[in-house]
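The following pair of complexes shares a single chain, subunit A, combined with subunit B in the former and subunit C in the latter.
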Partner chain A sequence: MTRLLVVDDEAEICNFLKSFFEDRDFEVQTALSGEKAMELVSTFRPQVILLDIKMGNVDGLNVLQQVKSKNPKIKVIMVTALETTDKIEQAMRLGADNYITKPLSLEYLEKDVQEKIANLAARS
Partner chain B sequence: MPSQKTRSVDYHEALRDIAKSLVRLKRPERLLKMITRYIDRELGLTHAAILVYEPERSRYTIFDSKGIRKIPRSLIKFDQDYPLIRWFSSKDKETESLRQYLSKQKIREILSNGVAAKLKPETKAELSRVQRSLNDLRADIAIPGFFKDSLIGILLLGEKLSRRLFTRTEIHFFETLVHDAAIAVKTSEYHQHLIERNLELEVRKKQLEERLHEIERLRKKEQSTYYEIMKSLAQEVHAKDPYTFGHIHQVERLGVMTAEELGLDLSGKRKDVLSAGLLLHDVGKVGIPDNVLKKPGGLDREEWKIMRQHVEKGVKILEPLSDFKEVAEIVWCHHENYDGSGYPRGLKGEAIPIEARIVSVVDAFHAIVSTRCYREGRPVEVAFQELRRCAGTQFDPKVVEAFIRAMKKRPKRG
Partner chain C sequence: MNPYDKRRKRILKRILVGVTLFVLSFSVLGVLGLLLGNSFLELGDGNPLIWVLLTTLLAVLGYQPVDQLYGWLFRQVFFPRRSHLLQILNHLTQDLTGSYDLTELSNFLVNTLGEVLQFKTVSLLVRAPRGEGYVITSAYGWNVSDYRKLRIQANNPLLELMKAAPNQVLVREKVVRSLTWQEANGLTSQFEAFHATCVIPLWVKTELIGSINLLTPSSNRPIDEGDLRCFRDFAGEVAKSIHGALILHELKEQNEELRDTQSQLLQAAKLAAIEQLASGIAHEIHNPLTIISGKAQVLLLQKDRKFYDEKVEEVLKTIVKQTKRAADITRKLLMFSQASASLREKLRLETVLDDTISLIAYQTSLEGTKIQRHIGQELPDFFGNVQELREVFLNLILNALQATGPGGEIQIGMTYQKADKIFVIQVSDNGPGILQENLEKVFNPFFTTRSEGAGLGLFVTQQIVNRYGGSIRVESEAGQGTLFVIELPYEEPPALANADSANSEIGGEEEHDTFIGGR
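After this line comes the complex of A and B, so read on.
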């Protein structure tokens, strides 16, 4: 089973994405903060992370940097809102594997995550 | 527990209440919020949400979501290809009866029992995708709202907290509600569209008015430029003619007063034409040699001939100015007499423009009361007598009387 970590400071968003991916046979954990996310990177060892680019006062870019320096193989998909599109370029330069804009198209989101997993499988 | 929430709801009454509000509400957002709020409060469901179509972005979004399993509003969007949307937008005859509303339970039944055998395999596959969509959206029931065959929204209902199934009555209630809401939304959209269109027209009208205003302003400016040129030209003449120098504006004022007394129409440019005629009637004098123009005492026959040329010289000066056509006409006629004894053409009565008849009277009056180098100016009463003596021969009697009336009305200067 693929391990997916959802990082967002809104619990409702975390819950929605968790049940969405669990229905598709993912193992899902959620983190409402950067620290919790880094903790789960060590303990849960996700293969894919859905990372909100802006969480309250915590910058998603910071978390991205930490994740990538810890384990560059983890696929990170940034979740952005329209007003944060200026950060996308920065995120991509910091090693993000893709980004997806809110409101999300569920089909596109699923396809993108599956694609990242296929990439992982192909490489190993 | 939710026991108090599952109390029986009087659906007929609820529908009546909501229908009343639908009519009142002009803004669809408030209406839709009211519906989800109502369902959440009265029915005790895990989730109630409304998906609406956003025409400007060709997508559906969650407009409102309520309940313990609500979905954050701006998180997801759906395009025309999303299974649930595709299902309700389909025109396939085979599935027509399954487009009034869909429930997970119904789909389960169809897919698991014999009814499914009659469906095409693609349809079955599609139904399982729809089932999955409902699952993702935490809905047990989906009720589409159409307006003229186009899907404008979907009401999603989660399961009851009591875990009981929805009854026929309830589903019928929701169908009616969604149907009415769809119409209300469409109507208010149309209404909004009309308002916007109206505003747009208002703005255009304003722009047009401003433009017209600007044109009018430019026209006025142009006119006043002509007027300035004309005034300086008139000053030039009167500077040459020491007898009338300084009185030019008095001549103009008296003439306009007389015209007003006669009840002439002075609207538009007509007043300007009259003023110009009064100011410029002697403009041709710039072409008369000083030894004739400034000669004290009487002129001989030859000199008179030269002096009279000032009329045609004046016309020649104004000729090139197309806007001064009517002014030139006044200048040409200001020495014509009412009985036809004037010059240069010997015109008679009404054939002489009224403006020229006024100029003639005012000019004569002015000559009588002004001090000349060969005589003192005479009193106004004497001038009136003289004008009346010549009324009907030199002057138009109507103009003479109007002039005298206007003069008498004039406030005496201290």
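After this line comes the complex of A and C, so read on.
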């Protein structure tokens, strides 16, 4: 079972993503803050992370950096309200594997996550 | 008119009047003597003083009518043409004062001179407003296209000649006679370029502001000194009027420029405000929209559905669609105001176009719209952002789709002009066209003729095109359909070393992922 971590400061967003991916046989954990996210990276050891780029006063880019320095193999998909901000460019430079804009297309998101997993499987 | 010339004429007239009166008086007295017989002659014989007195009396009585008679003869018979010229020039001078519009003034001047004085061509050369050199502002007897683009350098030989001899009217024959054969040849061609045999310089104090250039018909008598004097006086007056108009024209232009700059600044300030607002709204609104849409999608995409209800299905789909629409508005608002944040990559414009067409294939098939695409040969790669370019195509095609209605036809052309390094994209439809009064407004934000339109599509399109250093224009006539033409300059893609190396460090993937947004 693939382990997926959803990081977003909106509990409702975490909830529906959790139920959507659990419906598709993922093991899902959610984090409402960067701190909690980093804790789960160690304990839950996710393979894929859905990471909101802007959470209240926590910068998603910081979390991305920490995750990637801890384990660059973890696939990180950035979630953003706007595709035109320069934050996306920064995120891609910092090693994010893709980005997706809100409101989310779950069909597309699922396809992308599956792709990332296939990539992981192919390499290991 | 030259005072010297006037005085000579006056003296000539006086002599003529005197002689006539003298002859007339003696003739009258002689006739009277004959009629009245000896008594009258004796009276004269007796005293010569009586003769003198009578002659003087007759001269005094006859002076006024004879003087008027000669005045009339001078004007109408002896010097008719020059006085005609003078009169016309005087009238013209009077009509010129009071007008301060450079175009109006020059049109009036050349047309009157041409039509009334029957010159073959008349043109007015004026110092280019706020620029280098001189331009022809108006011409009579020329092809419009001949002078519109003509720009005469300040060091033109004819202009140099005018500057060398201020206030001299240049008559080709006279000028040429004083030169060597070679010089004359060169100058003759200059006269030809001016379409003139006679060039009257316009001076204001020490500045040569232009010239009036005349081509006299060969049937006319040659221009003489008297004509030249008329022209020279006339030129003095014309120069004043033109100079005034020129200054006014320059002021108006500067004023317009200032206004343009001001409105640009204002526009920039507005855009910045919209950007701030939109990005704030986007962040605040996209989260609730994501939740609404996400929950609906979770229900829609449930794996083991316990129930299926067509109505519920439709409601859920509507929720997903409408939330996306709401998000698109803020996204569009933001798209134009953000300068260079978007990621650019090497891409094929025709691929982006095809993707966009297939994106709305469902809609076009519903409406029965035909989309025909014509892709030119040898299109190079384009360096740009897929989403932005897709937005451009999408807006134009949707626009055309809405214009034509069901069963319409849309033509899309894409060519590359090698010489100018420009991509030309044309999107035309056979819809009802755009009203003339709306043509200028179609790119304005929030301008729309449809009740449900946001009026942002073309505005955003223009902003994106501008961002690539390109341009977009619209051509349309009511009932004739609409054509949008986009020109995008080719750009060498910058080295992408950074992004690539960053990627290979993490995963060592061979292919760079294409970044796709949530469409």
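We take it that the second predicted complex is superposed on the first by the 122 of 124 C-alpha atoms of A that agree within 3 Å, B and C clash if a C-alpha of one lies under 4 Å from a C-alpha of the other, contacts with A are read in each partner's own complex, and residues count from 1 in each chain.
One rule holds for everything that comes next: a residue touches a chain if its C-beta (ideal position, glycine included) is under 8 Å from a C-beta of that chain, and two chains touch if they have at least 3 such contacts.
Predicted, not measured: the structure shown is a model, and the values here were computed from it.
Enquirer: Since both structures carry subunit A, what do subunit B and subunit C do when superposed there: clash or fit?
Expert: clash
Enquirer: A:Asn62 contacts which: subunit B (first), subunit C (second), both, neither?
Expert: Once the two structures are laid over each other on A, A:Asn62 reaches no partner at all.
Enquirer: Please work out whether A:Asn71 is in contact with subunit B alone, subunit C alone, both, or neither, and reply first, second, both or neither.
Expert: Once the two structures are laid over each other on A, A:Asn71 reaches no partner at all.
Enquirer: Between subunit B (first) and subunit C (second), which does A:Ser105 come into contact with in this model arrangement: first, second, both, or neither?
Expert: It touches subunit B and subunit C both.
Enquirer: Pick one for A:Gln114: touches subunit B only (first), subunit C only (second), both, or neither.
Expert: Once the two structures are laid over each other on A, A:Gln114 reaches no partner at all.
Enquirer: Check the contacts made with subunit A and report whether subunit B or subunit C touches more of its residues.
Expert: Ranking subunit B and subunit C by residues of subunit A touched puts C first.
Enquirer: Quick check on the superposed pair: does A:Glu12 touch subunit B, subunit C, both, or neither? Answer first, second, both or neither.
Expert: Touch status of A:Glu12: both partners.
Enquirer: Is A:Arg93 touching anything from subunit B or subunit C once the two structures are fitted on A? First, second, both or neither.
Expert: Only subunit C is touched by A:Arg93; subunit B is not.
Enquirer: Touching A:Phe20 in the superposition: subunit B (first), subunit C (second), both, neither?
Expert: After superposition on chain A, A:Phe20 lies in contact with both partners, subunit B and subunit C.
Enquirer: Return the residues of subunit A at which the contacts from subunit B and from subunit C coincide.
Expert: In the superposed arrangement, which is not itself an observed complex, subunit A uses residues 10, 12-13, 16, 19-20, 23, 81, 102-107 for both subunit B and subunit C.
Enquirer: Sort out for me which residues of subunit B touch subunit A in the complex.
Expert: Result: residues 61, 70-72, 74-79, 81-82, 132, 135-136, 138 of subunit B touch subunit A.
Enquirer: Across the complex, what residues on subunit C touch subunit A?
Expert: Per the touch definition, subunit C meets subunit A at residues 279, 282-283, 286-287, 289-295, 297-298, 301-303, 323-324, 327, 331, 334-335, 338, 341-343, 387, 498-499, 502-503, 505-507, 509, 513, 515-519.
Enquirer: Which residues of subunit A touch subunit B in the complex?
Expert: Touch residues, subunit A against subunit B: 10, 12-13, 16, 19-20, 23, 81, 102-107.
Enquirer: Which stretch or stretches of subunit A touch subunit C in the complex?
Expert: Residue list for subunit A touching subunit C: 10, 12-13, 16-17, 19-20, 23-24, 54, 68, 72-73, 81-86, 88-89, 92-95, 97-109, 119, 123.
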